[in-house]
Amino acid sequence: MINDKHSQKIVDYIQNWSRKHSIWVLAYGTGCGAIEIPPTMTSRYDAERLGVRGAATPRQADVLLITGYLTVKTLKRVIRVYEQMQDPKYVIGFGSCTINGGMYYDSYNTINVLDKYLPVDVYINGCMPRPEAVLSGFAQLQKRIAEGRADGAAQYKENLEWYRANQKRIIPNWVMPEYNW
Amino acid sequence: MVGTPVLFVAIPLLAAFLIPLLGMIWKELVRIVPGLVLIYLMVLSVNLLNHVLVNGPIVEVIAGWAPPFGINLVFSAFSGFLVTLMVFLGLIVWIYSYRFKRNVGFEPAKKYFLLLMMLVTGAVGIVLTGDIFNMFVFIEITGISGYALTAFYTGRDSAEASFKYLMLGSIASTLLLLAIMILYSQLGTLNMAEIATKIHTVKPAYKVISLILFITALGIEAEIFPLNGWAPDAYAEAPGPVGAAFAGIVVKASVYAIIRYIYTIFDISGAYDFLIIIGMVTLIIAEFAAIRQEKLKRMLAYSSIGQMGLVLVAFGFGTKEGVFAALFLMLNHAIIKSLLFLSGSYLVYNSKDKTIAEVNGMHKFLPITSFLFALGAFAIVGLPPFAGFWSKLSVLTAAADSHMLFVMSLILMVSVVELVYYLRVVNRIYFFKKEESVEAKKPTFNALIAMLVLGALILVIGFYPDVITGVIHKASADLMDKTKYINDVLSIKQ
Amino acid sequence: MEEVLYNILGAVVTFIVAFVVGMTYGGLTRKITARVQNRKGPPFYQNFIDAFKLASKKTAIHHGVMHLMGPAFLMVSSVMTLLVVPVLSGNNWFPNLNFHGDLIFLLYIMTFGPLGMALGAGQTGNPNSAIGVTRGLSQMVGFEIPWVMALVALMIQYKTTSITGLMDAQAQTGTWLMFSSPFAFIAAVMAMFGMFRYSPFDIVGAPTELASGPVSENGGKFLFVMMSSGSVFTFAKLTLYIDLFMGGASNLVILLIKTFALYMIPVLYGITSPRYRTEQAVRWFWGWPTFFGLLAIIQAVILK
Amino acid sequence: METFSIIFAIFLGGAVLTYFAGKLSSVVQDILFLATVLVPTYLFFSGVSIGSSMPFSLEGISLLWGVNHFGWLFSLIVLGLGSLAAVYSVGYMKGKERRGYFYLNFVLSVMSMLGIVISQDLISFFIFWEIMTWSSYLMVIYSGNDVQRIGIKYFVFSAIGAYAMLMAIVIVHSVTHTFFIEDMIQAYGQMSLQLQIWIPILFLLAFAVKAAMMPLHVWAPGAYSNAPMAYTSLFSGALSKMGVYGMVIILVTMVNRLPQGILFREVLAWLGGITAAMGTLWAIKQDDAKKLLAYSSVAQLGYIIVGVSIGTELAMMAGLFLAVMHALFKGTLFMVVGAIEKQTGTTNFTEVTGLIRKMPWTFFAALMGIIALAGIPPLGGFIGKWMLYESLITSDHYLLVILIFFSSTAAFLYCYKFLFGFFLGQEEKEWAHVKEAPATMVVPMVLMGIFMVVLGTFPGIVLNPINNGLMDLGYVDSYKHLWETSIIFNSWGDHVILQPILYSIMGIFIFFLIFVLWKGYKGTRYVTTKDISSSGEVPKEDENLTFSVGFMQPFMRAVAPVMRRQMDKYYTGFANGLEGLFDFVRRIYTGNAQTYAVYVVVFIVIVLLFKDVLF
Amino acid sequence: MKELKENIIQRIKASFADAKERNDFSDNRVDFHVKKETIPSILFYLKEEMGFIHLSHISCVDWLEEGEFELVFIVWSPVDKVKVFVRTRVDRENPVMDNIDMIWRQANTYEREFREMFGIQFTGLVAPDEFILEDWQGPPPFRRDFDTAEYAEKTFWNRPGREDAQDVRETISGRDGEEIPDFAKKYSR
């Protein structure tokens, strides 16, 4: 039954629908953007009505939210967290720092472009993006999930050498365990 | 009839006098002759005992004067049992000390064996004699050889201990003489059987006072609290085998004397309760004192005192079971305490202060000695299946039969104390780290044999007490039967 | 044989009902919580979506045999509880095993799951899991005391240890036990706060402090099994309470009404309460709830 | 009965031979040791029928050995656990020092315990009792740690108990003039009230010491944890049951016949309950597995005491069933600790972690033992717990049942601590070299684990012998038709039918394991315990992520007020006071000749003064 | 206050010959310059003898033009309520300094930071290799001759089209069909 092409389509549709409406976010507070998450989650903006909910550990989470700048040191942790997450998984780049370094564009220890290291599904720009923007970002992600276009994880797997090379370029002392999620 | 009781006194005495002369012929004879004598006596006593158990007591009259005028020796089941025990212990002590004293020079060895012979003579005499003045003489012989043996190591402490012993011993002699005088003045006879028949004619005041004097005098030798001040020092300072001889021979003889006075000669019923009281006090005080001792032999000495207290308590019940228990206890105590003294003296052989701490970790160097000490310790606290258990059981049964529950519970409580200090020593031997300063001394072959014989006896009696209980039953019956004793002695006509 | 098949079929149906009801209640709880916090909140079927998503998520790793078996233990405990508790009284719609066990058995089968789960959590090696487990077990020791006191009070008052026996007693007298043994009911309800682990007794899986405690290493299918087991367990426990104190239910609607009403007590209490530390929670359970439990026992002894 | 003599001859001779065989070769010693334990076991179960007896006499006392149903039940525990522990010991003692000493005392212990259960007279009972005491004492001090404190404490308590028993025995003898237990029981009814009260007290004192009942339990933690583990499994599993054995006999034959017996039983039951609760709390606090299990043994014996002292038939059966179970699971658990000690060199939870993949069979045994200990269905421990609760409730012990329930719930805490501390948690590099224990150690553990599972489903295997034993003691058999199936009943008629329930448990478990998780298992891959969500940090190889220090801290904080009082402190204070007294007595002997002379004079004067009173 | 400061200055000068007072500050601050060899002894003296038990701060200044680093140790006496600044200069080419974390344990943290950020070596400093900059390859980043923009461009190269101040509104409007309001248009470049 599963091998059938049409039924596969239906199954995919239901799965994507459920994934769309149940987004568990690993709020990994790497930068100053983390301060925008509480208002997004609580009464004023109430992200839970979209099915967005905090998850405590990477094993349970669907979305990795990179809230702001990433230093070389935090990047290493973020990569580990991302690789510990279970498929399907998505990354949201949050704030201009993740896009091009933002106000830290010339800092000696802040990475400039996140999507060279991790596959970003949705960027939310702004410095800081307000909760409305965050919700809009989630909505965008939901749309992409429903359309089946949120395939960052697949791309990451496909182009692992490229990502690894970029990662290793700034983390020369690469001691991380190999994950094949 | 292979011999007469008089040989028990005559032969060792003769040997004692001959030892210096024989020493002039061949020095080794000094060591050999006492052994031969004791072996002969052992054979003799076993034969006589067998004879006595079947045919009734042998009463031997000395110098042809029939009782009550002459001195008589009585070899009954009771006294025969004790004599056998004493001779056996003397033999063990001789085996043990045969090489023990080898590194000691000829002169000390000569003295040692001479005095040992004297000690045996005296003690055996006390048990055999039927005459109170004669008993006094034997007590003096025992006492004097005891003083000398205590001072065997001619050091300051030994001399002091010997002096204490001598001093209290003198008091004892004086009191004993006084007591004999009182009795003689009242009755005009010194023969025990004769006195026993006439004692009811004596005024109670004289009777009681003389009994008190007897008990005090003999109590000093029998280590009754508070008359036993000499004992710990003497045990601690005398050589190990001498300690065993004291515990096994001298004290037994003294207790025998007390018992003979109370059971046979006097007819004062309160004396039994008095025995229980002083026995209990002695037991409790001695065991309490023992637990805090620092020197091994002192501890053993206090333990010995306590056991003697228990023997007195058992005699104090006044029943046949009580006497049986007391005799059984005496036997076990003689065997076990001797083993403890003999093995203990090897455990602290080379240490300077002879403290308990110095036996630490000895089991690696003296495995057999340590094992035998542990065996002795387990046996003396009355753990089955070793010998001590049966005597403790019979004491308790006797107490229960006399409805003395309080005494019984006290005995058991004190037993716990006893257990603690023996186990502490055994634990030290087996589980503590050895002190570097102390060097172990391997026991000589003959000492080992002596200890092994005792150890084997403990096991044999423990697993199959029937080997000895028959004799003890007869002995206790013999002691209880006062009229038979009197009749046996007085019916002898030369 | 037919009977066995019939029983198995009944068990499956019961399980599905319990799953659906438990999940819905969970969703409603989230909705109610949101409304109390002046939020719109997720839809009431949100829990189904979450469950389905978790089930469809890939589960790539495990930490060993016990880790794999942990969720199964949990599920076994929930389902067994469900099977032993009589769901509907007076008809044959849900034939279960309830004639084979009694309350003491039930108490133990209820602790079976958390312990198995704890073993699974232990093997993940995450220190947070073990910390959460120790807290959970401590709290369990806390609330079991008033809970058992309430049960013992019921047992001695009606001289039976079986659930059906207690239900019969209610049917005969016509009064619910929550009225005839009010103290036992109070104690049991207070113990229920700890059993459901809602705030203020939710320190076991404190999400930010302990990274959700025992479940921190479990995602995907593991979490799905745990979640459904939790839903089933919730339903089973509520049904047990209904059976014991509120006279059982003769049809599904009454059952739903009663369970939902009862369920609201811990939920509403939890929404409005901050969180206790473990020792505070334990001591709380040994305070008033135990006192009420004692009163219940005294009452039972007097009325016996 | 020739067999008795042969059995005991083999035991004694084998013990001594084994001791000396160590001088030849260790293999010969092992074989001799095994033969010494296993051959008498075989002889006993094949050659001795229930009801046979052997009279003989020693030192003028007639003695009687024999087997009744009740004794047979306990001989099952003794010899069964004894032979398994013996097999285990061979592996455990490999390469250890003082093997001869160990084997000798092991055999003597087994022999003495068998002797106790076949003794039909008080003297051989006492003799075996004391042999058991000192052979176990020698085992307690085997390791040589702190012997003066732990060993002496054990022996003093045992001796107090044993002497109390000895006192009772001689009192009985003074009344009945025989040592047969049968005669004692018959004569009990005609004794004076004072004796009727005191004799059970004295006997129970002895048995309570061995059964580690509050407040006589203080020896147990030290003694259990200090003996070699191969022996402790026997020590805690079988030797403590001898206390229960005696207790049951005394309770059933004496206390229950006494009008005032209800008070006895209540006091005993409450003491047992408090023992259970406090033992559990102290067990939770321990960081050393041996200590933890030691306190746990104390607690479990508390349950058993509660059961047997309540005295209804169900309670008695619960107590005895728990006794059998306790022998099984505590034996297993101590063996597990021994295996871990052998393989890792330590038994501290704060040091050893993550052994589950290295020692899977040991883990299996430990898991079975723990589940049985915690009393969780479907293992046998549950049956005993269930019967205990039901019997308490049906016999109107409402607060006691709460206390028992508290302690058995709190027991989960240390159960989890035990499993987590050793087997679960982080797999540290330090223990990477650890291997599974040798087969001689694993096989007995696993066998016992399997047997616990069987007992959980078919408790009738043990309940029937228990029922027969109780009939021997004079219970009316009101349950017999029920114990034949795997149903457990209480006296109100409520019941648990085990088989359908247990089959459904298995079924559901297998269903979820296979259909939900097996698929997951095949698709999944094992990752090390370093691969956990640690806030993104990458733990280094040697980084210690283990959580084991202060494991149950929150709970301990909650119960801190109860834990402040310790029985041990009172005993220590008492002992110190006694030592002071002894020191004072010692000073009576001043070492001064004059003083001694004065003593003599004082003695004469006092005796002369009181001569009228004394004589 | 004046006398107190005078007293402190006198005592320090009496004990340490090379101590040069720098400025006469009006507030509760005393400022000294010493040779780098004197630093441990003067700090120890200040802590043990004069009651300056609290190490407020250590800072480093890069005097690029003079070819030296200046280290400033600020200590504080809670009794006298006086701060003492102890300055010293270290050669920029060969920056080696004595370790003082045995006087104040917390100095260890500062020293690790200077080692990493300025490349100053503290003799005998016991500390893990990395402090803030994990896997750092470049020159010490806080030195004034370190060009951070160039380093960042080289290491974290930007992708074309991602430069700062780019107007992305067109893109957004193109993607989502969102209209750009007029007021916003004038800000777009």
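Going in written order, the chains are labelled A, B, C, D and E, and every chain counts its residues from 1.
Quick note on the criterion: a residue touches a chain if its C-beta (ideal position, glycine included) is under 8 Å from a C-beta of that chain, and two chains touch if they have at least 3 such contacts.
What you are looking at is a predicted structure, and each value in this text was computed from that prediction instead of being measured.
Novice: Using the contact definition given at the top, which chains are in touch with both chain A and chain D?
Specialist: C
Novice: Between chain B and chain C, which partner chains are common?
Specialist: D
Novice: In terms of CA centres, which chain lies closest to the overall middle?
Specialist: Minimum centroid-to-centroid distance belongs to D.
Novice: Let me have the rounded angstrom distance from the C-alpha centre of chain C over to the C-alpha centre of chain E, please.
Specialist: Whole-Å distance between the two chain centres: 59.
Novice: Based only on mean CA positions, could you tell me how far chain A sits from chain E in angstrom?
Specialist: Going by mean C-alpha positions, chain A sits 36 Å from chain E.
Novice: Using mean CA coordinates as chain centres, what's the chain B-chain D distance in Å?
Specialist: 44
Novice: Please work out the Cα centroid separation of chain A and chain B, and write it as a whole number of Å.
Specialist: Those two chain centres are 97 Å apart.
Novice: Mind pulling the residue numbers of chain C that touch at least two other chains?
Specialist: Where chain C meets two or more other chains at a single residue, that happens at 58-61, 211, 216-217, 220.
Novice: Identify every two-chain combination in which the chains touch.
Specialist: A-C, A-D, A-E, B-D, C-D
Novice: Residue numbers of chain D touching chain B in their complex, please.
Specialist: Interface residues on chain D, with respect to chain B: 58-60, 123, 126-127, 130-131, 133-134, 141, 144, 147-148, 151-152, 155-156, 159-160, 163-164, 166-167, 170-171, 173-174, 579, 581-583, 585-586, 588-589, 591, 593, 595-597, 599-600, 602-604, 607-608, 611, 614-615.
Novice: Quick one: which bits of chain E touch chain A in the complex? Just the residue numbers, please.
Specialist: 132-135, 137-138, 141, 146, 148-149, 151-153, 155-159, 162-164, 168
Novice: Within the complex, which stretch of chain A touches chain C?
Specialist: By the definition above, chain A touches chain C via 14-15, 18-19, 21-22, 24, 42-43, 46, 48-51, 53-62, 86-88, 180-181.
Novice: Touching chain A in the complex: which residues of chain D?
Specialist: Contact set of chain D toward chain A: 525, 530-531, 533, 535-538, 540.
Novice: Of all residues in chain A, which touch chain E in the complex?
Specialist: Contacts found on chain A: 72-73, 76, 99-102, 105-113, 116, 125, 169-173.
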